[in-house]
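Please find one structure pasted underneath; my questions will follow.
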Amino acid sequence: MLDKKELLKEQVIRASGVNPLKCMRCGKCSGTCPSYDEMEYHPHQFVYMVEMGDIETLMKSESVYKCLSCFACVERCPRGVEPAKIIEAVRLEAIRQKGNNHMTANDIPEKVNDDIPQQAIMSAMRKYSK
Amino acid sequence: MIKVSYFPGCTLRTKAKQLDLYARKCAEVLGVQLCEIEDWQCCGGVFVSNNDEIASKLSSVRALIAAKEEDRPLVTVCSACHNVIKQTNYQITNDESFRNRANLYLSQDKEKREPYSGETKVMHYFELLRDVVGFDKIKEKVVNPLTGRKIAAYYGCLLLRPGKVMAFDDPENPAIMEEFIRAIGAEPVIYPYRNECCGGYVALEDPESAKKKSNAVTNSAESHGAELAVTACPLCKYNLVQNGSNIPVVYFTELLAEALGVKEDTNA
Amino acid sequence: MQVNEYKPLIVAFCCNWCSYAGADLAGNNRLNYPADVKIIRVPCSCRVNPMFILRAFQRGADGVILCGCHPGDCHYTSGNYYTRRRMALLFSMLDYLGIEKERTRVEWVSAAEGAKFAETMNDFAKTVAALGENKRLEDLRCKK
Amino acid sequence: MQRIGVFVCHCGTNIAGTVDVKAVAEALKTEPGVVFSTDYQYMCSQAGQDIIKKAIAEYNLTGIVVCSCSPRMHEATFRKTAAAAGLNPYMVEIANIREQCSWVHKEVPIGTEKAIILAKAAVAKVNLNAPLTPGESPVTKRALVIGGGIAGIQTALDIADAGFPVDIVETKPTIGGKMAQLDKTFPTLDCAACILTPKMVDVAQNDKIRVFSYSEVTEVGGFVGNFEVTIKRRARYVKEDICTGCGLCTEKCPQKKVPNEFNLGMDNRSAIYIPFAQAVPKVATIDPNHCMKLKTGKCGVCSKVCTAGAIDYEAKDEFVKEKYGAIVVATGFNPISMEKFDEFAYSQSKDVITSLELERLMNAAGPTGGTLLRPSDHEHPHTIVFVQCVGSRCEACAEKGKEYCSKICCMYTAKHAMLIRDKYPDTEVYVFYIDVRTPGKNFDEFYRRAVEEYGVHYIKGMVGKVSPEGNKLKVQGSDLIYGRQLHIDADLVVLAAAIEPDKSARPLATMLTASMDTNDFFTEAHPKLRPVESPTAGVFLSGTCQGPKDIPETVSQAGAAASKVIGLLCKDKLTGNPCVAHSDEMMCNGCSTCEKVCPYGAISYVDKEFRMPDRTTKVRRVAVVNEAVCQGCGACTVACMSGAMDLKGFMNKQIMAEVDAICK
Amino acid sequence: MQEIKREVLVNKASELLKNGTVDRVFGWKKGEFDYDITPALFTTAEDIENEFVWGDFCGANFSKYLIKETGKSENKVLVFLKPCDTYSFNQLLTEHRFDREKVYAVGVPCNGMLDTGKIKSSAEGISKVTDNGDKVVIETLFDGEITLDRNELLPDRCLNCKSKKHVAYDELLGEDGAVLDSNRFDEVEKLEKMTPDERFAFWQNELSRCIRCNACRDVCPACTCEKCVFDNPNSGVENKAATNEFEEKMFHIIRAFHVAGRCTDCGECSRVCPQHIPLHLLNRKFIKDIDSFYGEYQAGAEVGSRAPIVNYTTEDIEPGDAVRRNENA
């Protein structure tokens, strides 16, 4: 039987399709990340902490919402680890498990202005809510 | 006349009408007919990379099927739609489990269709210009060359990454937009931030964060001598402009229309 | 557990450089497989003439397995590639004649794959045992 | 009829524990041909071998079967035993009743039964064995070295030193290779040219060594001891034997805007050129792609100024055919293209350079005369960032990088960093690294000195992006130990590009039938025990064509390859493996099918006259196997439908007899 | 009916004999009956004028005869080749079995040759057979005239003719045709679709009739070995006459394997089999598998081509997958 911690790790690895063991810990993902300063845990730490099975800490962190999904880390990783996908899987785990979304439709009106494209609202809802 | 299927996307119906309008007008001049697929639905804005995410990708699959039924490539203009649809197509081609599950969902639709497994070719309007029309032909059709204008091509992330999936151009040293700029008679400005992120959807969650990224892009373009930035993405444009770009940001179709002489206010 | 399980006779042709060494390694590691498997050493899997295989069946073998280096690792650079084509065609022909396709097999076993050798032989012996005696290629004169 | 002796080994309890060895010896007594059968504790021991020798003499044995461990273990031992007793060693067969019997089965009746069957199969085979004698072939006492870098130079010098003639084939106009482009060498910091150029001079002056520069190998035939090689000598439009290397032509040549490959395009040379001052041979070469005379017919300045009259615009490529006993591959390496790694802005800024380019920028004979200046504005760089592992250890990007570690980068970067800090103490040097790998004599000490004595900043992390802004290169990378993203405004960025085998290696491997790994490095015959030999007999490996290596390793491998070549050339004759294919000309159809599947080109065809039963003669085409080339795989024996082609030691009827014995 | 007339062939042969191009001519001679035509070697124009036969029963392929005949003289021998014969001709050249310089090859068009077996089983006491295009008229001693559709009397190999195009000749009489799309694999596919038990029963029934007369081997233009393995005591498989079922299978499997990649699918083996065993179905299985596993290959289509069985790619199908593919097909 897997305990909860292991189950979470399995789920993140399976859903993201990422094998954290491929990481050689060069840190290029964090070296390339444009949102590094906004994050508490950085892309290379996501990979390492998933490998270690400490997913709950990541789920609780605001860092999961700071990733831009710009895929620069994925593109530049020499080992094909795809950190952005692992962050996405942890983020989905967080919003799915919590049962409370990071952003809801009610939050939207105050966040938008007349010029904002629909695409931004759609994307934000996809990224921050179930 | 070459016929291609066309997926405009929500934003092109609202905030980014110019992007759509001029895409159509220019296509006509270049001998391509954009056949808008019927009853298209929003692509979802972003591609969710999780394997277990199915439902949000179905609208893209339906669009892909519509194009398959016409036996035409599916062309998009908006970078975001393009990214979502191309990634979905890649996943349905290469991930058997996703393919089976997606087809299972679609078998619930009213119309009965063959299972879809990635047959449609997904093209961005830029790829259409490069691979189908050809930049040489554009050069011939230009009536209003934008001579002397120094233009920064802003790729952003969505057109290029993941490079293996998008197969759009070299993700670190792309050339397609620069070639486009040359084709309409202007001078491309190469700057290091052309393939960095504008901040994207984070604009809602953390506007400050998005501002930092956007400023880095526009400052870099400006410092390399650009007087204008060009993009294919409404969200990129929004972020760059909203965060106080010192140089104007326009859609590439606007420039193309100007060069081809089909922009309404060219002489205004 | 079936007590009276049929004990098949299995001839295994092993190339000297990879599979024969793999079989030796299975021995070094004391990995069991049925004694029904008898190994014949050949320099390369490409030395195995279809006639040897048919002859084995003629003389009462119930299964014949060929083992060689993995494609690309042949000691003679290309021998196993020829084996692969010859056996694909031969096995397909035997199947066409209605002879049980489970009685013939080709496996690539490297010198380092002692465990794979033992597993392969266990599996093959089990498969062949399940088919029972080889009647379709039998030779009444040889079997008495 | 053979007289066969059977010897069953107990191997202590290794065999005897699961096999009733006495029962095996007993059961074999009645096999056809068997005249003697016995068992013993340890057959491979001196006493055991004596039993065999005695039995051979006493029973007049013509063949023996040893039931023991794997033939891979002791076949050679027992063959020697037989030979010592006057029996042809190929009359020995081993029944493997240990690895393939006693060790894999548990019950004595089962083990014993199988051991008897295996022994009977061996007896059945020996009954059909025939004495075999290895063939002999003569050895051409001349070696060919392909590649004239430090590996090729050292190999050639060592072979020549032993008294054998050697030819070096080098594609460039001069020998010297990559080492000639280097500035200093680690970990001793002596100057590369100071230690290399004397060796180049030795080559030029050694009358045993011929240098075919500006040449390439186009065809290889033959086999170990008897290779026949065609060398294409590209037209250099300058008569090599007349040119004195005075260099006047290069000064007067009006076309001076040709990118200088020796300085990696960082400066220009003339269309007629001598790559560098110490070139060997020191003769000029005309670059036909840039020479106005060759392209348009107008000019001819070099011809006018050459007092020796060495210029020949009409020169053509020439082909030389030569015979060699051994071939050494020393084709070397190149840094990979940085084109696909533009996150480091290599294509965007001249001030992003590779380490090899830095070597030239620091070299006194380089484009800046040895003063470190930025290529863009010729200013002194004050902040320099080194990026390690660019394209090395790169699994995700097979089309742009290499999966392996390039091995030399950690050390040369430490060297660069140290030299820069030494010469320009006001310059800050940062090295972004993933791991620092220094397993070599005095290597780690060297790296530590860079940090501790020279104050080089080593940062554990990787650069993610380099952005040229103004006259700075904005470097963004991770500093993993600090836990921050580091932003450095650098003046110069140096990329430690992965190295890859030279592109000429792949077609050469095909010509030599030498195998390569997926990265196009030549594979060795055995990774540990035969590291300088290729699996193809007579082809040896020297230097980085076999894998990334530094200079000391390259030189020692070059010496090792030379000693293997010398060992081969010392022999007057080579004895081969006697288990080779043989074609029965009476049955051969001459259809050429066997030739197609032979990986060694060992089969040829001759027209032969046959006397027919009716006393007429008939000429037929038949296959002939070159026994020195045949390696004995047997592919031809199955391709041959008439059964004319058979393999000695593994004949059709022998294998068939084994099958019959097992299936009885 | 053959579109080209006997006179054309006779004139050509006489002309070449007279002008010294050749000194021997392979042709056909009448046998006991109309349908019983035998191959013959002519050396004079006179013999040719008198005895040379050309018609619906001239099915014999001379390619194989060239091996021995070309060794007998330094002069050229004339051979008439139908389109399907030219493939065997090329295949033998690929295998260096005769000297091309000693042969003068004349291509003749072919409209399909009638099957002697089918004729014989359609009537008794046959005295004369005439072909007038679509119909064949058989005159019999007892039942008068019988008229049959020509197509009904064609052997399988002509019904599924693969090519009307000559792939080798020095000179062509008449018009050359094209390579045809045939349905020659239909029967193989039918067998493949059966269950293994049905296939086994089918072949058991067919091959058990074999009397080891070796007619298939003797006629086969690919079976040209100086000494056949089945005649060679050292081969381990020597046997002159099968003593049990297995050995028939062994003989036919080995024979098919030995000609795999070399068989031009001429169909002679089945034509000559006195027991009417459809032996060509074995060869066609190999051809079909070779085509589907390694890409289409026609033996003899060009001289010097390398048969797939003596070639490889690093990505070839695994034997296990090859057999399973049949199952799914």
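Letters A, B, C, D and E name the chains as they come in the text, with residue numbers starting at 1 for each one.
In this section, contacts are C-beta pairs under 8 Å (C-beta built on N, C-alpha and C of every residue); 3 or more make two chains touch, one makes a residue touch a chain.
As the structure is a computational prediction, the values presented were derived from the model and not from experiment.
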Lowest number of touching-chain links that must be crossed from chain A to chain B: 1
Distance-to-centre winner among chains (Cα means, whole assembly as reference): D
Pair joined by more contacting C-beta pairs (C-E or B-D): C-E
Chain whose mean Cα position lies farthest from chain E: A
Mean-CA-position distance for chain D and chain C (Å): 35
Whole-Å separation of chain centres (CA-atom averages), chain B against chain C: 57
Computed distance of Cα centres, chain E from chain B, in Å: 63
Computed distance of Cα centres, chain E from chain D, in Å: 51
Multi-partner residues of chain A (each touching 2 or more other chains): 37, 72
Residue numbers of chain C (touch at least two other chains): 50-51, 55, 78, 82, 86
Multi-partner residues of chain E (each touching 2 or more other chains): 229, 235-236, 309-311
Chains grouped in pairs wherever the two touch, ordered by label: A-B, A-D, B-D, C-D, C-E, D-E
Residues on chain A engaged by chain D in the complex (per definition of touch): 22, 24-33, 36-37, 42, 44, 72, 76-81
In the complex, chain C residues that touch chain E: 50-51, 54-55, 57-58, 71-72, 78, 81-82, 84-101, 104-106, 136-141
Chain C contact footprint on chain E (complex, rising order): 188, 191-192, 196-204, 229, 235-237, 243-247, 249-250, 253-254, 256-257, 260, 282, 285-286, 289-290, 293-294, 308-314, 316-320, 322-324, 326-327
Footprint of chain D on chain B - complex, ascending: 170, 172-173, 190, 192-193, 196, 220, 223
Residue ranges of chain A touching chain B (in the complex, touch as defined): 14-17, 34-35, 37-38, 65-66, 68-72, 74-75, 82, 84-85, 88-89, 92, 102-103, 108, 111-113, 115-128
